[in-house]
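In what comes next, subunit A is part of two complexes: it sits with subunit B in the first one and with subunit C in the second one.
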Partner chain A sequence: MEAKPSTANLVDKIVVPGDVVLDLSSMTNQTIKLGGGLRQECDSVSVIKAGKLRFSKPNKYWVESSQKRYVPCVEDTVLGIVVDCKADNFFVDIRGPTIAFLPVLAFEGGTRRNIPKFEIGSLLYVRVVKANPGMNPELSCTDASGKAAEFGLLKDGYMFETSTGLSRMLLSSPTCPVLEELGKQLSFEIAVGLNGRVNAESPSTVVLVSNAIMNSESLSAVQQKIMVDKLLQRIK
Partner chain B sequence: MEFVSPEGLRLDGRRPTEMRQLRAEIGNVAKADGSAVFEMGNTKVIAAVYGPREVQNKSQQMSDQALVRCEYSMANFSTGDRMRKPKGDRRSTEISLVIRQTMEACILTHLMPRSQIDIFVQVLQADGGTRSACINAATLALQDAGIPMRDIVTSCSAGYLNSTPLLDLNYVEDSAGGPDVTVGLRLLSCGTYGYTLGPMD
Partner chain C sequence: MEVDRADGRNPNQLRPLACSCSILHRAHGSASWSQGFRFIQTSHFYHFNLFVFTSKCYFCYWVGSGDTKVLAAVYGPKAGTKKNENPEKASIEVIWKPRTGQIGKPEKEYEIILKRTLQSICILTINPNTTTSVIIQVVHDDGALLPCAINAACAALVDAGIPMKHLAVAICCCSAESGYCILDPTKLEEQKMKGFAYLVFPNSILSVLPEGSSLVQGEPMEHGIITSVTHGAMSVDDYFHCLERGRAASAKLSDFLRRSLQSKLPGDLSKAE
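Take a look at the complex of A and B:
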């Protein structure tokens, strides 16, 4: 069979594994940055995960995909659940391939004398510090300069799990339409982890907020507004 | 028995090179990381993928790549007569091995060392071509789970009856006694086609 020339411009289109995105033999003396979901094979760049191909000037390409399982990345902020406490580390489940370790001293002003006590099942807002393939990721409850910066235990609220794509949409700027519409009428607080976990806190409407967020995954901006309006009608 | 009429129509009215109707859905199994239901005519198969996750049997853990496991089973109600032993018989073990080898060739296992990927495929309705439907469903389920893959694998069966090559055999044509082959194809990145498996029954 003859080889087909791969000249179709696939930016912003859905791609599947095996699609060739770029033909490097025709682009010389250029530096291209490849993000997640793409792989270089000799003279071509091909897709390894199904999703939408994105391009950002001047030279960044990546595939945006949405899954239930999270792949740990350094500097991601995630919501973890404590599963065990050992002498040196807390074992925290962040919905990745392996359990993550949170050192007992990784807190602001943490010393051997004031190690926090977390019960099994507590929800923590943490930052990923090390994420090498094949090794357990390491977490921290401080930001890069050592301050607490809102990391730590989340006491109240209702936690639900969604896909990684939805949590990225919730954290995007400008504010995503569903949060904007909800914010116009209700007051609530949410903590979004890039691993697909969201913790919602609200004095009386937490179920409505969580249902609105869970419904909004595959809707466009206009559809999200209509969906939120319909839900808000019910409590009037 | 006549499997291809003089006008060139098969028992179900198809032409010799015509496939059955295809239908696919993903995301059916809520608990699984990825899942898919694939139908080829009356053959219906469901695949669920779990992973990458921690290896359960530490002795099988590989430090440089992921462990891929596959289990094929047929539901008791999938065939005409109720099946007595849906798992563990030779045919199921052989098909599990074949599916595992096919998918392992496509998954980029070196990106996920020390982890395990489980593929469970179950036939809900069997009407010939279950092996192909399983491979197709497993490919979709792996993509739904976001597991990095080199390529998509598609599969179909073919046979030769009444001096005519036939595509996508159903159960009656499959059990007619002629030769048949199931082929898995990888759509390689530059557009050429390659063969990954072809057991002759």
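Take a look at the complex of A and C:
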């Protein structure tokens, strides 16, 4: 039953699908930006995915949640796996609802003569350029100005899959506690995709790094430090 | 209208509920939903001769379990639809796996009912030309199996992040000869009753709108009904009586579902600001 006071504010609370979070008829003359998890129905905004409702000034609302599948958004950097090569595009799997296309010319200095040859199964670090609903997303191996900027094939390393919430935590600034603690003792390189894929590269401790990252999902900062300390003691 | 139920519940009382999410590692979303107690069967092995007195305690065992438990797994959305599905919408595919035996007509019927119910709560226009697979595995069956499966499937869809208009809560009500109706029957009670109905209602929502502004034809949305499957014979009045009781109980189920989803969610995302 809808027994809530009329000025209830659901920001920073957990919401489930169906909850109505904004009443647009009382907010005239404002532009509001809705992010993932929210949908406008006539004069109200309701939730379509369960999660925590977030608000960022001046006018952005979104629902933050962590899933094992990815919803493609423009300007996200993701790790994709090549599944097929066609004349114009590479077909790349980015863990979304549809396969994404990577045009063969979307590389720095890319012309018809120097099309890169990717084998099926190779891991690429790419950027999402177009993500329209109902269409296959388009990717690119260059940044917005056309430079290579670390995009492209990831040759070595171990790739593992996590949830999207964990990959956002790994990419947050200041550095997330598990990466900081690991970095104090070990040297490793990781490439984190916002679609939940992480590629870890390290001369001898790649399994420890990947286990530490996978275990840190539901731990608080202090617990992450303790967990990393325990793991590191094993190799001493 | 007093009725004695075998496990001592009163007519409006549901069995204890338990729901856990994200239990399967590989599935994109998963949930288990159980209604009832699981009685533990202790073994005869604790038969020490020295402690004859203690070993007698271990002889108390109940055979069988009084619960219905269903495990639901969701995979998707994945690209592509089947031949006779509309490619302009997302499609949902349901696979029902019984506890024992081969898949037959009752399982196919459950699959169709579950598919129609889930299609009416999911937003199908968001990911066109994709398929979401929902796999239901029956772990124990002791009455009210289809409502338990619908609840588990709904929790699993939320866990997988499939966009939905609202949640669904399902309940089973049966009506007996003398006209009283009881909720959440066990299998024995289901078989004894004159008729029973599986009812699925939308969940109760939190809203910042002032009360009364989001009414559909004069009633709040929670008074709607998504699915109703009846077995046996009951009069129209009995059916409406069951509907009322079911609707009242659906508020409790809705609260329970909201709490179990809340307890699962905040763990991962508290910091990272």
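The rule is simple: the second predicted complex is superposed on the first by the 222 of 236 C-alpha atoms of A that agree within 3 Å, B and C clash if a C-alpha of one lies under 4 Å from a C-alpha of the other, contacts with A are read in each partner's own complex, and residues count from 1 in each chain.
Criterion: a contact is a pair of C-beta atoms (placed from the backbone, for glycine too) under 8 Å apart; a residue touches a chain by one contact, two chains touch by 3 or more.
All values derive from a computational prediction rather than experimental measurement.
Q: Quick check on the subunit A-based superposition: subunit B and subunit C, clash or fit?
A: The answer is clash.
Q: Return the chain, subunit B or subunit C, that is in touch with more residues of subunit A.
A: The partner making contact with more of subunit A's residues is C.
Q: Applying the document's definition of touch, where does A:65 land relative to subunit B and subunit C: first, second, both, or neither?
A: In the superposition, A:65 contacts both subunit B and subunit C.
Q: When the two structures are overlaid on chain A, which partner does A:172 contact: first (subunit B), second (subunit C), both, or neither?
A: So A:172 only meets subunit C here.
Q: For A:14, select first, second, both or neither according to whether it touches subunit B, subunit C, the two together, or no partner.
A: In the superposed model, A:14 contacts subunit C only, not subunit B.
Q: Just to be sure I read the superposition right, which of the two partners does A:50 touch: subunit B = first, subunit C = second, or both, or neither?
A: Once the two structures are laid over each other on A, A:50 reaches both partners.
Q: Now for A:128: first (subunit B), second (subunit C), both, or neither, which partner does it touch?
A: neither
Q: Identify the partner contact of A:39: answer first if only subunit B is touched, second if only subunit C is, both if each is, neither if none is.
A: both
Q: A:99 contacts which: subunit B (first), subunit C (second), both, neither?
A: A:99: touches subunit B and subunit C.
Q: Which subunit A residues lie in the overlap of the subunit B contact set and the subunit C contact set?
A: In the superposed arrangement, which is not itself an observed complex, subunit A uses residues 1-2, 4, 6, 16-20, 39, 44, 46, 48-50, 65-69, 71, 97-99, 133-134 for both subunit B and subunit C.
Q: Can you check the complex and tell me which residues of subunit B touch subunit A?
A: Result: residues 33-34, 51-54, 63, 106, 108, 111-115, 143-152, 186-193 of subunit B touch subunit A.
Q: Subunit B touches which residues of subunit A in the complex?
A: Touch residues, subunit A against subunit B: 1-4, 6, 16-20, 37, 39, 41, 44, 46, 48-50, 65-69, 71, 97-99, 133-135.
Q: In the complex formed with subunit A, which residues of subunit C make contact?
A: 28-29, 76-79, 123, 126-130, 158, 160-161, 163-167, 202-211, 213-214, 220, 222, 251, 257-258, 261-262, 265-273
Q: Applying the document's contact rule, which stretches of subunit A touch subunit C when the two form their complex?
A: My answer: residues 1-2, 4, 6-10, 14-23, 39, 44, 46, 48-52, 64-69, 71, 97-99, 133-134, 163, 165-166, 168-169, 172, 176, 217-218, 220-221.
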